[in-house]
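The two complexes that follow have subunit A in common; it is paired with subunit B in the first and with subunit C in the second.
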Partner chain A sequence: MTALLERPAAVAPRLRRDRRRWAWGLAALAAVGWSVAGALDGVNPAGAAQVGAFAAAALSPAVDGAFLGVLATAALVTVAYAVLGTALAVLLGALGAGAAARTTWGRRRLGRLGRLATRGVLAVPRGLHEAVWGLLLVTVLGLDPWVGVLAIGLPYGAVTATVFGALLDEVPRGPYEALRAAGAGRVAAALYGLLPRAAGGLLSYACYRLECAVRSAVVLGLVGAGGLGYQLSLSFSSLRWPQVWSAVYALALLCLAADVAGRAVRRRLAAPRRRAGVLSRDRVLTAAVLGTLAAGAWSWWFLALSPASLVSARAREQVGVVLRAAWPPSADADLLRSVASAAVGTVQTSVLAIALASVGAVVVMGVAARPAGRCPPGRRLAGVLVRLALLLLRAVPAPVWALVLLFVLLPGVLPGAVALGVYTLGVLGRLAGEAVEEADAGPRAALGALGAHPVAGWLYGVAPVVAGPVLAYALHRWEVTVRDTLLVGLLGAGGLGALLASELATFDWPAVATVLAATVVLTLAVDLVGDRARRALR
Partner chain B sequence: MTVRLGTATVLDGVDLTVGAGERVALAGASGAGKSTLLGVVNGTVPPSAGSVRVLGADPAALRGAALRRLRARVGTVHQHLELAGALRVVHEVNAGRLGSWPALRAAWSLVRPQGVADVVAALAQVGLADRVFDRTDALSGGQRQRVAVARVLVQQPDLVLADEPASALDPVLTERVLGLLAGPAGRGGALLAALHDPALALRHCDRVVGLAAGRVVLDAPAAALTVADLAGLYGTPA
Partner chain C sequence: MGRPPPIPWRSRAPPPPTRPDVVAARRALRSGSPVVPSLSRRAFLAGLTLAAATACGRSSPVGRGTAAPGSLSIGAIPDQDPEVLQRLHGTVADSLSAALDLDVTYTPVTDYGAAVSLFRTGDLDLVWFGGLTGVQARLQTPGATTIAQRDVDTDFHSVFVVQSATGLAPSDDLRPLAGLRFTYGAETSTSGRLMPAWFLQQAGVDPQGFPGGPGFSGSHDATLQLVASGSYQAGVLNEQVWAARTAEGAVDPSVVAYARTPGYHDYHWLLGPRAADLAGPLRDYFTGLRADDPDDAAVLDLFGAGSFVPARASDHDRIEQIGRELGLVT
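Showing the complex of A and B:
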């Protein structure tokens, strides 16, 4: 240095670490350590043989005509649930959006109260997983197809209402105000001044919900609502591995198809194709919308839904019985103690899952990103393989992974964490890869030009830029994972889900009410923590 | 040496040698190919035809550690700076030493900054010592440009490539920065700088190379040129 630098530094400020970020970082590390400690109980060596048999069947799935026919019918049921559930969610969402949007309430104090109240009401259906709704609805409605539709439609409706409300609030309000000033009523002004601007976003979100609904419909089957998931659990409990694999492949294909089609439509929505100067609609989009409407009508017929069974005397009576029995929720000390320990297990599972997924995503994201410029064919091939693997990981819903893992791992934190971690890696890996693709390649190239080791180039040129978005994604997925942990628990992996399943099995309604309340509080608390952490990162 | 990017031929048959101790200014209208030429020298742009020799070695024949050692001797101030932005200034400046640091030391430095005294000294030379621990994306355009210069100062390269290194700086800083970048040339290295300001080029360099549409159209000692001669390169009446 000395040759170049004649003058010593005038002032040397001290390095001040960002306390808030360090606190969050250390807290996260502590949470992971605590979760690992909770997961240290048991591997089940006796199950290893079963896993061997199970894995061996992967290459020889059942392909006899009869079983494939059954699977095809089951797939149709799943699709019908997804379509009608989404339709209901969009309907509820549109109604609820009016109640959640700032536009409706205005800026006065009363308005703020109204908005808060709506959000509070929406938080309850949102805090319960679709599968929990499914279980509750089965006890009220019996094995009616409405169970599947409502179990998807109600929680999705609540989320959709929140998102639709936010989308409407984001639209520039000039045209709306102008129409209002010209004497138009609120509804008319919203229809002409707000809706056209928001339509793309609303449609795109509805489409995303339909993709998710396919996954949810599969999962609902696992808890007994019929469809592909149900077939899977039947084959599973009778240990017919080739059939299990056929079902897994079928549902992976279904989820993949939903994923690919949904992304294509959404991309098209973001950049619709119009011929210049001619008032014409985008053919693909028109076909997608008409096709979905037709699918809705077909689903209604196929599932033989009848509104009468919803309001039948038996259903009303059941609702009454359950609600009366469930109030007041049980405050039994033993129950509260097991709720607390189950809640701890749930949090540990979700933390461990997200830690596994995040580490995995960080490891693969460099390869998963499509390289911008020229690159050797080996690198390109590795990228394709990694992206394919991630696709497969997220095509199989987490509960299926959990069922498999429960052979080798004793029920508890570990099987749920690994199952959810594997699935979430599929999602997070893709998101992280896309973040890398979006990052500017310049800084890294500049570091390469001054001789930096490739790892160092990555650390100084890419990591700082993608760290923010990737952490934000991970936090968001953590919130999702907590909900999914409940579901995996329902199937026996432990935590609040397992507790709920056992209380439901004995029809102990006051206890069920307590567990449900704990569930909602837990998901709300996790959302809150996630939100705070994201804000500290910004 | 020729460079084709896409369908365009950006550099066309450029043949240029820069000797030890020389300070060479690259002049030419916007889009003439100055940045591309600098990119060819530092290895970020591969030539489509012809060859490049840097500091007596052929980069195309080198691989791995040997290539890294050569590249560590070439320091660049990029036109668009190419700083990550989401890092503290101390790390952006330290990045100049990545050519000689093993990966592990580079990683550890992000946790516990290494060689802070040298970084502060380099920053002091460009008047930024008080911002060592600030985030780079909180700096102004000119301040960021000085961070990029400080990076080259801690790198201590033999060959300095500078692409409009003072485009966002005030007159006093401009003089200082060009003086600093010419340092290695004074010790037997070299400076190759793309400069738009003819007066600046003549004052700080020994030789001026003019580019137009990817070809060398002028190559003369600075002493033999006037500001008006250079103005011709930009298509304005002299």
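Showing the complex of A and C:
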């Protein structure tokens, strides 16, 4: 009897406010408020006619044969850049994965130092946008197809090394330890004990990188490296809207193809087919891998890449000239002041952009999600239209949005922020829609069965479930947006990018080095903040 | 002491033979990864060599083809509508290849800095530079030769334009511009940035001090569009482009001329060291263009020039000095 009484009464789990989350939430609100205050420049209704002309041309793209031929060649160049850039990134990633993995270094102090050093080395290529790499490479390599391949391959390679390292860390280490204990060398043990288990994840990530590379290849064109982006920027500076829209539709088609193919392959990788309980060969996957390899060989041939031009006397001489001129970086007080204020502008722009995109994504995600089961054709049609609109939003590169919006928004933070917001909405809307699709349908169905209104069912059954993933996506996209803010600035919308463009225009290499260093530090800081905030969400 | 008996579990007997591709396929299946038919190493290497070899004989769709001795690649700073430039320099390229019996190609570039960089790397041999970009290119490229300029380039002007909504009447006083949202052309444009900034400074206006900082539209045509839309209330552009667009009727009526700058030296052809031996023939070709010859007139007309005159590097000493003062030449 007494024994029973002595047992502590079961405590009902109490829902408590998580202070950490509150702190992050309030900080986010403050950041948005601060950025909005910095952007109150107003709008310019007089420019609506130009934006109207841009929008009207969407219905009458240029379709003359000569221009379409030019676009087709340009699209091939873009695809070739994307494929070879990804191939280089995967190669660099595979080489660097060992160095980036936690398991390689162990937990001892020396190991921690080694890991930090690797992270530092990888942070530099990662911290610079592909377009910045493109601009820098053009100045030393000139008009060479290597510019596009390296500008995608170097930053992507650093990211891929980090992710590959993390994937290797997640693999169970039993086989590796067993091989080591049996006397195998480290490399052989990793190759036979770790790699096979991680192969699916590695391939899936490589595939995701290829999708991203298509978009990056377009952006590289905008800074002059050839391909679709290049044609788009030429048509844009002539203000030939019908041609701009033809290029945009070509881009949308490419992005759509990459999205659909990439997602199909990744889905198959995530759930390998089994026949009678045994893993069986997936012909589609085999074809995809073989096709990608063939595309790589074709790209090499099409771009006429020549390894000799990378180590040619001309390239070495130009690299030498630029490096000698850039060292030591400038520490001029005026420059540092403008770097600081430009960095503030960059952060404000990115915060505003992600706030806009998040609100938009929350509004459209319900409609953008493919409904499970039967539903009225009107709902289905609305879903298709919203998904198409989102695709178009992300197919138009953010700098193009910025240049169009400059006609109706007064110069300052706003055009860049709205442009990035619109572009990011295209990405975030899709991700949020997928989060809704993957959410557990039970709560909502239960509420519906109890007679709740569909809106109430959505608010109480779906929204709480998807809030976490959507916020995590938004934070991740914020990190990407900061990098994209640089790109938009590079093409004329303020912030660190604009500063970099003006230093590059005057060939002030020491100042360029300073701005680049500031960029790397800023992106590192933003990654750190984003990482911490996401950890608080988990 | 004899040899120790063999340890049974370490016997050296060869394992039962298995076909290597079967092992590979089995391994791949176990790991859940797709099976890629294995390729013999020799076939793979042969394929690679073949691919590299075919690539060598092909000219890339981006960048220049081969830098053959009989070829000349020309370029220009993208100061206006790329389609206009394409037409203009396409005509020049045709005329040049006929006159000098060379293979001449025109390569468009996306920004002023790229034109300078590509001239330095040797991708562009003969470039139509502005005053400031020409100075930048010459300072970065040892062995560059100034070839020729148009008659109008010896006395070139810029025009300040304003939105009619500002109510400003044309005047020689630049000070009222200081309170307006103002855009230049490209950052290193001579007529759209350097000289206007210099004349503003002379008039007591801080060239970097407009409300919200000055904008950089990127080209003369873009300046016109942005002032027409009202995003910027004032701007400055090359007088020649202004005159041409006004004559075409392509200027929005809300954009009006405000002031005209004094004259200065501007555009010129600069030749890179790779084709230095062509300096004489090229100079003869440009200065020999006659307005009464219909073919020549087509070229001169597109350039908006009466004739070309020889140019020397020293013509742009003043530009270089002003560039250094404004921090645009380092």
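Following the convention adopted for this analysis, the second predicted complex is superposed on the first by the 470 of 538 C-alpha atoms of A that agree within 3 Å, B and C clash if a C-alpha of one lies under 4 Å from a C-alpha of the other, contacts with A are read in each partner's own complex, and residues count from 1 in each chain.
Methods note: a contact is a pair of C-beta atoms (placed from the backbone, for glycine too) under 8 Å apart; a residue touches a chain by one contact, two chains touch by 3 or more.
Here the structure is a predicted model, which is why all the values come from computation and not from measurement.
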After the superposition on A, what does A:D144 contact: first (subunit B), second (subunit C), both or neither? second
Thinking of the overlay built on chain A, is A:A517 touched by subunit B (first), by subunit C (second), by both, or by neither? neither
For A:L410, is the partner it touches subunit B (first), subunit C (second), both, or none of the two (neither)? second
Which superposed partner A:A199 touches (first subunit B, second subunit C, both, neither): second
What is the contact status of A:A456 with respect to subunit B (first) and subunit C (second): first, second, both, or neither? first
Touch check for A:A297: first (subunit B), second (subunit C), both, or neither? second
So in the superposed three-chain picture, is A:A225 touching just subunit B, just subunit C, both, or none of them (first/second/both/neither)? second
Looking at the overlay, does A:A57 come into contact with subunit B only (first), subunit C only (second), both, or neither? neither
So which one touches more of the residues on subunit A, subunit B or subunit C? C
Subunit A residues within the subunit B interface of the complex: 1, 3-5, 7-16, 442-443, 445-453, 455-457, 459-462, 464-465, 467-468
Using the touch rule from the top, collect the residues of subunit A that touch subunit C in their complex. 41, 44, 46-47, 49-50, 73, 76-77, 138-145, 148, 196-197, 199-200, 203, 222-227, 230, 233-234, 237-240, 272, 279-282, 285-286, 288-290, 297, 300-307, 314, 318, 406-412, 492, 498, 501-502, 504-508
Would you tell me which residues of subunit C are touching subunit A in their complex? 25, 27, 29-36, 47, 51-52, 54-56, 58-64, 78, 81-83, 107-114, 116-118, 120-123, 136, 140, 181, 183, 186-188, 212, 215-219, 221-222, 225-226, 228-232, 327-330
Touching subunit A in the complex, subunit B uses residues 42-44, 67-76, 78, 80, 82-87, 90-92, 95-96, 98-103, 106-107, 110, 113, 116-118, 120-125, 129-130, 132-133, 153-157, 180, 183, 187
